[in-house]
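Okay, so here's the structure we're looking at.
Every chain is named by a letter (A, B, C and D) in the order it is written, and numbering of its residues begins at 1.
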Amino acid sequence: MLMNAAEYRESLRSLSPRLFVDGQRITSVADAPSLAPGIAAVGTSYDFAHDPALATLMTARQSEGGPLVNRMLHVNATNQDLLWKLEAVRVLCRESGCAQRYLAHDALNGIFQATARIDADRGTDYHQRFRAYLADVQERDLAIGIAMTDAKGDRSLRPSAQANPDTYVHVVGRRPGGIVISGTKAIVTGAPYMHQFLVMPCRAMQADDAAFAVCCAVPADAPGVTIVARPAGRPGEADAIFSARYGQSTGVVLFDNVFVPDDQVFLNGEWMHSGFLTSTYATHHRHSCIGARAGFGDLLIGAGALMIEANGLDPSRHGHIRDAMVELISIVEGFFACGVAASTYGIADPAGSAQPEPIYANVGKLMLATKIYDMQRLAHHVSGGLVVSLPGPDEDHNPETRADLQAVLGGRADVPASHRLAVGRLMEDLTASYQAGWYSIISLHGGGSPEAMKREIWRNYPVAEKRDFVRQLVDRGLAGPAAVAVAEGDQPGKCCDTGCEAPPAKVAE
Amino acid sequence: MLMNAAEYRESLRSLSPRLFVDGQRITSVADAPSLAPGIAAVGTSYDFAHDPALATLMTARQSEGGPLVNRMLHVNATNQDLLWKLEAVRVLCRESGCAQRYLAHDALNGIFQATARIDADRGTDYHQRFRAYLADVQERDLAIGIAMTDAKGDRSLRPSAQANPDTYVHVVGRRPGGIVISGTKAIVTGAPYMHQFLVMPCRAMQADDAAFAVCCAVPADAPGVTIVARPAGRPGEADAIFSARYGQSTGVVLFDNVFVPDDQVFLNGEWMHSGFLTSTYATHHRHSCIGARAGFGDLLIGAGALMIEANGLDPSRHGHIRDAMVELISIVEGFFACGVAASTYGIADPAGSAQPEPIYANVGKLMLATKIYDMQRLAHHVSGGLVVSLPGPDEDHNPETRADLQAVLGGRADVPASHRLAVGRLMEDLTASYQAGWYSIISLHGGGSPEAMKREIWRNYPVAEKRDFVRQLVDRGLAGPAAVAVAEGDQPGKCCDTGCEAPPAKVAE
Amino acid sequence: MLMNAAEYRESLRSLSPRLFVDGQRITSVADAPSLAPGIAAVGTSYDFAHDPALATLMTARQSEGGPLVNRMLHVNATNQDLLWKLEAVRVLCRESGCAQRYLAHDALNGIFQATARIDADRGTDYHQRFRAYLADVQERDLAIGIAMTDAKGDRSLRPSAQANPDTYVHVVGRRPGGIVISGTKAIVTGAPYMHQFLVMPCRAMQADDAAFAVCCAVPADAPGVTIVARPAGRPGEADAIFSARYGQSTGVVLFDNVFVPDDQVFLNGEWMHSGFLTSTYATHHRHSCIGARAGFGDLLIGAGALMIEANGLDPSRHGHIRDAMVELISIVEGFFACGVAASTYGIADPAGSAQPEPIYANVGKLMLATKIYDMQRLAHHVSGGLVVSLPGPDEDHNPETRADLQAVLGGRADVPASHRLAVGRLMEDLTASYQAGWYSIISLHGGGSPEAMKREIWRNYPVAEKRDFVRQLVDRGLAGPAAVAVAEGDQPGKCCDTGCEAPPAKVAE
Amino acid sequence: MLMNAAEYRESLRSLSPRLFVDGQRITSVADAPSLAPGIAAVGTSYDFAHDPALATLMTARQSEGGPLVNRMLHVNATNQDLLWKLEAVRVLCRESGCAQRYLAHDALNGIFQATARIDADRGTDYHQRFRAYLADVQERDLAIGIAMTDAKGDRSLRPSAQANPDTYVHVVGRRPGGIVISGTKAIVTGAPYMHQFLVMPCRAMQADDAAFAVCCAVPADAPGVTIVARPAGRPGEADAIFSARYGQSTGVVLFDNVFVPDDQVFLNGEWMHSGFLTSTYATHHRHSCIGARAGFGDLLIGAGALMIEANGLDPSRHGHIRDAMVELISIVEGFFACGVAASTYGIADPAGSAQPEPIYANVGKLMLATKIYDMQRLAHHVSGGLVVSLPGPDEDHNPETRADLQAVLGGRADVPASHRLAVGRLMEDLTASYQAGWYSIISLHGGGSPEAMKREIWRNYPVAEKRDFVRQLVDRGLAGPAAVAVAEGDQPGKCCDTGCEAPPAKVAE
């Protein structure tokens, strides 16, 4: 049952979360102006699933002959699925800035793999339980928030050593048919307008931390859940050309003795598997982030081209403008290419699903995390300085100044001042506003900070194999000159026997 | 008569500019909440002049035994003055984000040099006229806005070829005792709370553009002047820890048949000198920008250190945190060093004043223009992701959530959540808000866009001299091996005779 | 008939090119010590084709059931072929530094596409002629040098305007059964040890330049051909651990009234197609360059790891060493990912072959062109300063110092000084020698200089489409707030109808 | 007694060091072709001291009325001295690539400061002893090599824990009138053609390492000293346009029971002062490195301009060529500016001398360490690809090809091919040869690797002061809005009392 955006919005009326936005209790999420841009952004993921032209990207079947489900709730079966998902996220975020719903995809895929692995190791039956859950959320086409990043308290201490254990979510007890959890998740994207939360551990755990190794699904309005959030985007701001329409709300979610029935629990104390679950989710999520920020890059590229046109400049004649656009394009397509490579070299998981190749997923995320700032710089470069002195939108209705400003603030003869101002405000909205700051910080830290990506790259890369390959070269180099070796029928290819078992990147067969 | 900040604010009551902020007419600048942060920021330049510990930096005498004047209105006599001015701007902007008043300094210095040159070339008497003007503004300790950047209209056409000539300010006629000007200046920093504007040309002109070659002083409330601006900073926003206190307003200033008495006119039709005036101002201004952004850098460095502390991290143990701080420091001190070098190698002008060495001034401005984005990245890096999900300040007073949030959002045991949140909001204010965007764009485009700096560097650098020096090396290299040459008493130093007339950077004597 | 390296070397005896290396006439290419490293490097492409483990990568069939041919002579039929070729080039260059033979692949693919296009436009029959030629070189498994970059003379003048027309290769006349060409190709990789040259135009031409629009195959020892080259690698240098074994010779090839039979001619005066042939070759070649430099990157990564180990350092404990390695890895895999994306999104040519997607091919080449210098920096970073003061290899046999040096120049207890010195010399050979300089410059300028890539990216990117997409967002933003729009069932997805005809990057179906 | 280059060379005949170059014993340093480029490079520091136009830079007096001494042996008395030294090093290295002798300056200055400090702390009399030594070397105008970097052995162990103590130089005993030292210094610049070595510790020591805390002067031919080195530059290579004339030899120096008389000993067991001596030397040396590499930058800038001219290109018309030159200039002047700032803000040492401000000295060295690779990239960028296929110099005398190559390899009509080839070879020599690699690695690691600079910047920067300054801003921000504060006469300047005691960078008074 694929909902559309309007149905999704309506569906939120069936929930009554305890929710505060900017200190005010929100009683109807569907009607709150402060959340409308967030609901609209998530809504794109619903509407696009009904667009025939996008059917391949936006929908999928979990099994041959099974029902169509939204791509954002689909567990990838093949590398082609990974590529379609990547492209789907890009298309969604080009429209909405950030559609937020891909986090659900990333978590569902991570839990799918991890539960199979835990069962194999511990004899549990989480995987079947999760498959039933998966089928249900696909059928109901839910919006699911990912509650992963704990509040963390003193960062130099492990979860179980915190003075206040509620700085991390953890199991505090058991009631018939389920567990009881408490604690705080500090950064939950889209929290106010989700149907459910998937609670996940945010790090590897040790035996002492067993109570903190918990993964489960919780309805947004389960008793004991409190959501504290900020508005989504810049609702109601007249100069927010883009983010009055689409935005993201990031919230803190407090769990206070929340009961979770067993069939919604997918990890409960198996601390030794917490790290795998976390890093597998992270690999999916970094891959999705690449698509998301490429979509945002499309917005900047388009806005830059529009601004150049409004200013009356021609990139073919103004080399530095063209160079800035090419640099912007190269950044966006450069990290997107890493997402493509992570798909093309996707890895089949024993659970039967496909996951992105982790090195490329991490290299791409690392690239975008730092390059987002250059993207802003380049957007500013091509826009010119006008952006800082744009009269505010209220000026548009000031009878005393309106005509004069219109007369002198235009650019090319065929570009009216009002259009140039609107484009300038769009650029400000995307690159020089609170919303712009959100995009930067979420790009840098979302899905893990640069240090985390570096660790993963180092952990996964076949450095030892390359070292050994070069060691052979040195040994051969010391043994004698090449020319003779060739003449004598030496086989330089021989060392490659080793090389080819684990070839440079990954050799497809 | 050095005013202090309170006196400066009061002095604004004597003016009645026609001023609109966000579409509303402002009747009392001194009392407008929307402008208070701007007045406070400019005010620092007044108050600091009374601080004994800062006397050397903040005040100067234009002549031996003359009265003390504010450094921001002083024409530099020596290279030491240039250095003191640079440091003064840094100290002011560390306090205020951007004190804005150094633009007056830059313009006064540029006009001082240009008028002497015009007089020498054209037999005019602008320089004496300007000296009288200078003494007056120093005596009255005025705040002067620089009205330089025209609206420009179609950027592919020169001023005199514009369909609407009012896209540039120009002389439209003469009345007894003075000239009449019309047109639009599009980016005037601090426009709403200035006593006067210095109108300046923004480019080199050709003979057809003679009417556009005009430089003069105009009171902010001269008949025919209209100012359209946005609020300064983020006045009244509860989470604007910094920019509710200090901010900058950038405005559009419309001139409609404004009369300017002759003794306030410093360029009028001498189009061939327009380029010199513009570029001389630019050299001073780029030099000042270096100090300004270094002061902003100090804010980021301090805020980063505070955030790290609040998060409970120790840069000595977390290498990537220390590396990020060192990179931030190296960026700030790297471009500030260019400002120091431009001072140390300052150039004596025939007019009797000192100007910054242009290559270093431009290299430094070019560096900060692009590195400001890296500064934001590094500030975000050391802050962590919390900045994006900070509950808003209204939450601080929400009895239903306040206690719970305080309990879990702290960092180290000795850092209460309220402090950590405040630091996080400061960081957001400085690096992820509309105000942050303003700092970035003004850094990139203020004082000229990167392309302008590149042109100036290329125009001023002794490339031909270095080419000729190397040509000699090649000729010597072709003539024979060095060893023999040395043995035969060849004089490698000889070629340096040339070299030393115009040595590598600039050899002080 | 797939030759192996030894057979390839022997096959060179059947040719008698007029060849000078360092001013000396070479009479037997197969036996010249100065060329041995070059022959060995090309030889890897022959030997690897016989390695069963590499069969998929190194060989292919041009048609179903056709004979196995070397991948380096294969015209790609599918996107999978593009990926296998990319990986094949990486594996070859990891072994040999640069196997050089992929240029033949790139030219054969470019001519395949161009001849079909010329025939369709001009009614010629080049394509069939070329297919016969292709089958022949595949059957004989030839090494083919690409003679493309003309000497160019005065770069501000077109070919036909040069004072000396021989600065470009051009048709000077016709003899029965063929054409006669003269002129100079200035940068021909591997020139001394090739069986044939493919002469290709290096730019778009105009009508006046028709005589310069010529593409044809010429045996290396055709009468009138003279090759002037430098040694391949650093043959015979005792400290050239790597490049005494494998190297590249780049030569100037002079054509003096050389007769070319018609069946070897694939472009002759059709000047309007010269640009297409050039840019199509360039797209294939830039794609191959990505694989080649990734292979070189593998060498640096392995050498870096080996050096770290020899120095007794542990990247897990020395964060800056690990960071440098991760940066090196990220650079290499970052540009390689662009090659993968260019394969995955490969484009079917009307001629029936597949070509790399040009934007990704150009972005990847642009990335490696500038990052090769960072790769050297990082390799030096992890190696430490010892590389500059390594005693030379002759010292290894000096009885007066050998024992003392061995005693003190070791690193970790289990790493003898001789091994550490060998690794240090390898690093010097790869990153601080003439050979290292060759890798840098060829990476920067080979396959076109950065400016050429930027032009291609700008020419191919769908900027207008993205601009129009954002224009709709602005128009919608001006039309009214989003919240209402959503409520009223507005269809944000609608604009995507357009978007999806030409989706963000390229949506595979 | 200021020697000139010829006298310096002759003076080497009075020494008989035990010296091996490439495995051969050298009996006469002054006559060894393999060392001639090194002697010539050091020679520039002698000859330039006699050039009247350079007198201010190249010579100084240690005391009022004292004799003129070479700047390279002068202990700085003022900040102006620091600037002159910086400029002197630049002028020398522009001529010679690297004049090497400034290391003596750096060590003499470091020991001058350290001995005064040790005496004050330990009651020793090293400082007077050193002053006598200083006067002597100034009078004799010696060339002094700095033997600092030990061989280090297993880098994870301290000196006293090494299996072989000879991996570090240390005191092995005492004989009447002096000490006896043994061990290995691994990277000694200019070792073969120095009169003396100054042995210095390369790190902070602990009590166990007391025997390793030794600083003393040793004649190059003292019994027990063995020097193992490589040739200086590329002597005798016909295509080494530059480095056949000027070069650097870096050597390993082995000390085997070398006796050092007490009056040549300046540290002997005072392990707690080893770190200060090392880091003080490093500060001087990093400052000098800035001047040195700026001189090398001048060579590249000049060579680039020459190459552009020879290729017939005009940077004013080819924007990417101009941009590359501006980037090259900005890099060189950017780090040089740090050297200027370190001079302008130089610090008076209690010993009575002046030392460079350490933050700027380290920021500048860090900048050049990494940017040297970009300098090579930019030099290659403007040179074009021809550099890789230049026919070798032997081809110039090949009668069979010479005329043809000359005819086609020229550029602009007025640039003969021979000149263009010479410029191309110069560029290859400077940026793509063994010598080029030496410049890169010595820039990266010489004077300490990047990690060392980062540590010094972090250690010296007033981070705590900036943190406290911002803490006050936060506290004020929380206390209430700015507007009110200003109205009430709050004194924002007050906090600056603190600020001004230790101002942003360093406020000169």
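Observations, loosely collected:
Definition applied: contacts are C-beta pairs under 8 Å (C-beta built on N, C-alpha and C of every residue); 3 or more make two chains touch, one makes a residue touch a chain.
Predicted model only: the values in this text are computed from it and were never measured.
The interface with the greater count of contacting C-beta pairs, when A-D is set against A-B, is A-B.
Centroid analysis (C-alpha atoms only) places A farthest from chain D. Chain geometry summary: the mean Cα position of chain A and that of chain B are 39 Å apart. Work out the mean CA point of chain A and of chain D, and you get 48 Å between them. One inter-chain figure worth recording: chain A and chain C are separated by 36 Å, centre to centre, where each centre is the mean of the chain's CA atoms. The multi-chain contact residues of chain D, meaning those touching 2 or more other chains, are 320, 323, 454.
Residues 5-6, 9, 33, 36-37, 39-40, 43-44, 47-48, 50-51, 53-54, 56-57, 80, 83-84, 87, 90-91, 94-96, 235-236, 241-242, 244-246, 294-295, 298-299, 301-303, 305-306, 309, 315, 322-323, 325-326, 329-330, 333-334, 336-338, 340-345, 359-360, 363-364, 366-367, 419, 422-423, 426, 454, 457-458, 461, 463-464, 466-471, 473-474, 476-478, 481-483, 485-487, 489, 491-493, 495-497, 499-501, 503-505, 507-509 of chain B touch chain D in their complex. Interface of chain D with chain A (complex): residues 319-320, 323.
By the touch criterion stated above, chain A contacts chain B in their complex at residues 20, 22-25, 149, 151, 153-156, 163-164, 166-167, 183-184, 186-188, 226, 228-230, 250-252, 254, 256, 311-314, 320, 370, 373-374, 376-377, 380-381, 384-392, 394-398, 400-401, 404-405, 407-413, 428, 431-434, 436-438, 440-442, 444-446, 449-451, 454.
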